Amino acid sequence: MPRVLYAIPGALSKTALGPEEVQRREKVLSSWSAPDVDVAVRDVPTGPASIESALEEYLSVFPTAALLRDAEQEGFDAAVLGCFGDPGLDALREITTRMPVVGPGEAAFHVASMLGERFGIVTVAHGVVSPLRHLVARSGLSERLAGIAVAETSVLDVTGNRDGMIDAVIEQGRALIERRDADALVLGCMSLAFLDITAHLEDALGVPVVNPAKAGLYTAEMLARAQLRHSKRTYPQPAKLATGTVARVEDLLF
Amino acid sequence: MPRVLYAIPGALSKTALGPEEVQRREKVLSSWSAPDVDVAVRDVPTGPASIESALEEYLSVFPTAALLRDAEQEGFDAAVLGCFGDPGLDALREITTRMPVVGPGEAAFHVASMLGERFGIVTVAHGVVSPLRHLVARSGLSERLAGIAVAETSVLDVTGNRDGMIDAVIEQGRALIERRDADALVLGCMSLAFLDITAHLEDALGVPVVNPAKAGLYTAEMLARAQLRHSKRTYPQPAKLATGTVARVEDLLF
Amino acid sequence: MPRVLYAIPGALSKTALGPEEVQRREKVLSSWSAPDVDVAVRDVPTGPASIESALEEYLSVFPTAALLRDAEQEGFDAAVLGCFGDPGLDALREITTRMPVVGPGEAAFHVASMLGERFGIVTVAHGVVSPLRHLVARSGLSERLAGIAVAETSVLDVTGNRDGMIDAVIEQGRALIERRDADALVLGCMSLAFLDITAHLEDALGVPVVNPAKAGLYTAEMLARAQLRHSKRTYPQPAKLATGTVARVEDLLF
Amino acid sequence: MPRVLYAIPGALSKTALGPEEVQRREKVLSSWSAPDVDVAVRDVPTGPASIESALEEYLSVFPTAALLRDAEQEGFDAAVLGCFGDPGLDALREITTRMPVVGPGEAAFHVASMLGERFGIVTVAHGVVSPLRHLVARSGLSERLAGIAVAETSVLDVTGNRDGMIDAVIEQGRALIERRDADALVLGCMSLAFLDITAHLEDALGVPVVNPAKAGLYTAEMLARAQLRHSKRTYPQPAKLATGTVARVEDLLF
Amino acid sequence: MPRVLYAIPGALSKTALGPEEVQRREKVLSSWSAPDVDVAVRDVPTGPASIESALEEYLSVFPTAALLRDAEQEGFDAAVLGCFGDPGLDALREITTRMPVVGPGEAAFHVASMLGERFGIVTVAHGVVSPLRHLVARSGLSERLAGIAVAETSVLDVTGNRDGMIDAVIEQGRALIERRDADALVLGCMSLAFLDITAHLEDALGVPVVNPAKAGLYTAEMLARAQLRHSKRTYPQPAKLATGTVARVEDLLF
Amino acid sequence: MPRVLYAIPGALSKTALGPEEVQRREKVLSSWSAPDVDVAVRDVPTGPASIESALEEYLSVFPTAALLRDAEQEGFDAAVLGCFGDPGLDALREITTRMPVVGPGEAAFHVASMLGERFGIVTVAHGVVSPLRHLVARSGLSERLAGIAVAETSVLDVTGNRDGMIDAVIEQGRALIERRDADALVLGCMSLAFLDITAHLEDALGVPVVNPAKAGLYTAEMLARAQLRHSKRTYPQPAKLATGTVARVEDLLF
């Protein structure tokens, strides 16, 4: 029975949405997963409220590294990093050995590339456009990227206005298809992903729309079933931990 | 309950391995799949005995198109094209509308790219090296390809000498790691994939080894669960079929 | 006296245009060729009526392989594959050894790249836009491609409305020049090529317009005169033929 | 009189090298700078001891952001991020508005690209090879990179064995020149940079060797003199700070 | 005290602007340089009046090679090639050994790439657009180029209408930002550079604007201070000079 | 009857080989051309003795521009630039309007790309390796280039030791095939081309070998027959000539 952790790199419980939103996401993911998969959702105790800039991406890494290190020891078979920007994905893969860590952004780009020639991303914050372009480049798929569009809103307000959000995403998605020649779309924000609106968007736009939460979850299931782990040639354990110079991730900062 | 077809584009039943091998592969795939997935394996009635050249890839497309068209009508939720070279994948996606078609080569390249920086491919026939290089290019992942190596043998003899085969793959895999800087490996042949030797190879080589049969199967499961289909902007229905100039795939050739 | 075969990979004789069109094309090509060159035109006995999708490209390969194999044995010095999409060009080069096979699309892209910085393609069917983009990528010239535009019509109707066709091509060509910064154009369909309208288009548009039938023919002449053949390192003979496992191309399918 | 801050993103004062090493580096940089430039060196109060992994790169960003925010308010004209891996450079540019932040890695890659066709990097820790490859990619100069070699040692031991260090760098540099066709070299570690050994290496190897501390310092001088600042289109202020949702960088983490 | 030569590859003294313009540029450069730098400006005795085509670029190389050869013997520490198109930069680096030669175009592209993700170039002659695109490609930064725009005028008239020139540059710059997504701009002509209008443009456009004369000057200062020279692996001395077959640059042409 | 000029951009008549070598090359080219083509060979009155550096490439452009301008006025239908490095090809295309100018290097790269996946170049002077790499890049075919090897000799001595030359080329060609994975070769020097040794090399090496003199000649024939000219969008006439500011090419230099 594969155990998958969905690790939120922000302090979601402390925001206005509260711990109920963490539980709600666990229920949603469980309803999507294969019947034999056990999904848990956890957020970090301290971290950014939301991630809308490169700076906030970096701030999230340290607490998430500890969360994932603990999850691996606890026996999880795979983890999904619960933020579309995949913040610190390389560092998190340095920390774990047996448990693969999936970036939902990276996973979604790969899935979209298998569905059409070029994909567009609709996100909700101008501050992440440049980081997302670099994320696509790191995934090796820049030549498949049609463009990145922003449906104006604050990440924290996404859930408050579902219908307005859908209209804004349809408008930006249409622009990516008609003006930038996108053949498929990726939802570029996890709050958007948990609105579960892809069927609605596909009807309106006529192209496949990839939900990064599903792409991340199913990729984690795949790696767990196939017992695939990340290459330690690419993601070696930090030298100070490997040699025992420091005992714990927490001791790297002093 | 997702139904997945694994469609073999060669006349495997007619070869010395016979229909038993088709049934064996169905059993193996069923043992790998999630508990709620129903996997069927079918081969084409007429086609190449095996695919070891670009020419044989093209020969396989016509009968496979008919097989997949029928499978879609029968209600399958996703199909895997049972040949690592993904022969005619774009044409097969033109034919189907509701049922996504997964190429195990393409799927394996994307999975390997998520596990390490550069991947190498170990295949078994010199004649497919150049076609495989183009397949990687079509997937958009050329800059992640470390190299393609050939473990000398005939595709049809792969199953006859399991141990010799493993040794040959380890030797070629080691060369890709040490001389071409590969961080992960992909098995480049479905006969190799069904030997189920990745755990053995990972122990010997210390890098993740992607089994394309599993990558294809789990990607098909993912698309079926997420109800994702290929973009008809990239893979439009052939005009003669769309306009009714001809009634059936079989009538395109006259 | 170099002998060049122009091999049509569709069953043109069986269409409404009939065998007269095959003969007409032979006359046109002969009028274009150098005085010492002998050009023959042949179509396949069975094949697609026209090629307007990836699927029809693949359907054409098997009969064309037999046609070219015979032509080589008959003593032709070079062959041109008579379809702009160069369907199965790699497979056809696997089959022949002494006789080079020229793709008119590939040849036209190379010629256009020598005439200006970026070239645009005007074709006549939406279904080939994506395959043509991949054809340019295979030729290695993607960064020189300004764009692909479609002058709406059916391939089979191209010859019926010469003036309307010219106007449509001029309109699309102008858009490629003004909006996509094309410095040269390529006619992306052989039926268009045999209308012999490039001088008219160049007058109207002010940029060079490459006729793929001429690019293919003159490239074949060049290779024949220079006695250049394709590299068998890139296009090896299929293993089953090389080892005698099967005797003839026709026996690869069973 | 341009004021330049060299900001060390690790807690160098707390290591065995102590605050003397911070002062020593300030003296060295002052001896290199133009006569009218005032250089200060500061390290962060809390941070990694040294940066030998992607994880340690991310850990350094938060305290460095505060350090640079203060420096801008204090009136510095430009800052150099004192670590070759340019950790969090994009985030640090989000925080500052008037004061440009220079990455010595990025600066060194650009200088090396102006001196020869391909450059190689000699660094001292295996853990940063993969992050450095991505840093070159972000600078846009991947096609100019000949390779990255590691002169085995711990970053913290670099200064302890100057002669052994030089020999190890010469050996790796020679391999990059002879086997990877490097035309110029970049020292890939700031501890190496402050050994001031480039003249010695150039004599031994016959190619230019770029010192990233000098490349960073002189680039900062250039930007300060030309009054050039980073583009806020690429590096916008984080939305929560821009809108006043939070008052200070320190409040982004909660 | 670093000595820098700004070498104008055209016969500027002989044009209507006369030797006063040469002296004026020397004064301007001296006012920009660090206090310990000695800047001299010289033009070639024979050369093109201005450089507005690829042909004129090539015409300038021979006299400039002699000018730079002499400057190196005279003891200059670095030279800047005083034309934005960097005409013959590789050949001029073949001639000198100890004295680095800086191309202001190349230097400006590298500086702009450090300030934002994509840069646009505003130049003044249609005839150099294609050569400039190739210059960016040679610098390795094509993927960072947003576009090249032309503010219509003759190079020789740039100085005559300062206000009109500024308006034209602002208009083209705005188009590059809004339609081509440029994050920074580069002035693409040295006559424009000596109008010293970047502060004005930055106020109007809100993005950094790189003055190539400053980028070239400060890069020359940097190389002189760091004692960096070009790689003779990339820019070897011409064989006839190296072997003594001819004694002087002037004797290569006979 | 197409008239083709082979224009040698060096003062070959003045070298030890003398005007006889010019006449010999005319005879050889005439023996290669189609029966209805008239080939003339001319060298420039003043120019480099041979071209073995970037500097010598630039020196050759001015006299060659005058030679080609005259040839166009005289009625030639196409010209081949008789040096493998294609020196100043863009400038020469600026000067002519009706008469296309073919670069034999560029033409050979395109032909080789149609014969195999990757091509290697064997040249005879270290000083042109870097310029040739840039020439390939300008042709857009860098990803098809396997490598450039040097068969050590002086260009002027190529003809003196035919057998030694052949052995040296075979050795370098074999290295490109075996170590750099070349599928086809290009002779990278016109003196080598006129030795007419490709059949010998193909027998020894088993891959196609492209003679750039033939590639250039037949490409010129092709363009002349198809009445194709260069795009004036890419190669505009120099503004001073277009506007009449100067009357003749010779007056651009003053």
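Letters are used for the chains, namely A, B, C, D, E and F, taken in the order the chains are written, and counting of residues starts over at 1 for each.
As a convention for this text, contacts are C-beta pairs under 8 Å (C-beta built on N, C-alpha and C of every residue); 3 or more make two chains touch, one makes a residue touch a chain.
None of these values were measured; they are calculated from a predicted model.
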In terms of touching chains, how many steps apart are chain C and chain F, taking the shortest path?
1
So which chain is farthest from chain F, going by the mean of the CA atoms in each chain?
A
List the centre-to-centre spacing of chain B and chain C in whole Å, with centres computed as mean CA coordinates.
30
Numbers and ranges of chain F residues touching at least 2 other chains:
117, 130, 234-235
Taking the complex as given, what residues does chain A use to touch chain D?
11, 14, 46-49, 52-59, 61-62, 65, 88, 90-91, 94-95, 125-127, 130-131, 134, 137-138, 154, 234-236, 238-240, 249, 252-254
Chain B residues touching chain A in their complex are 32, 34-37, 100, 102-103, 106-107, 110-111, 113-117, 139-141, 143-144, 177, 183-184, 198-199, 206-208, 210-211, 214-215, 218-219, 221-223, 225-235
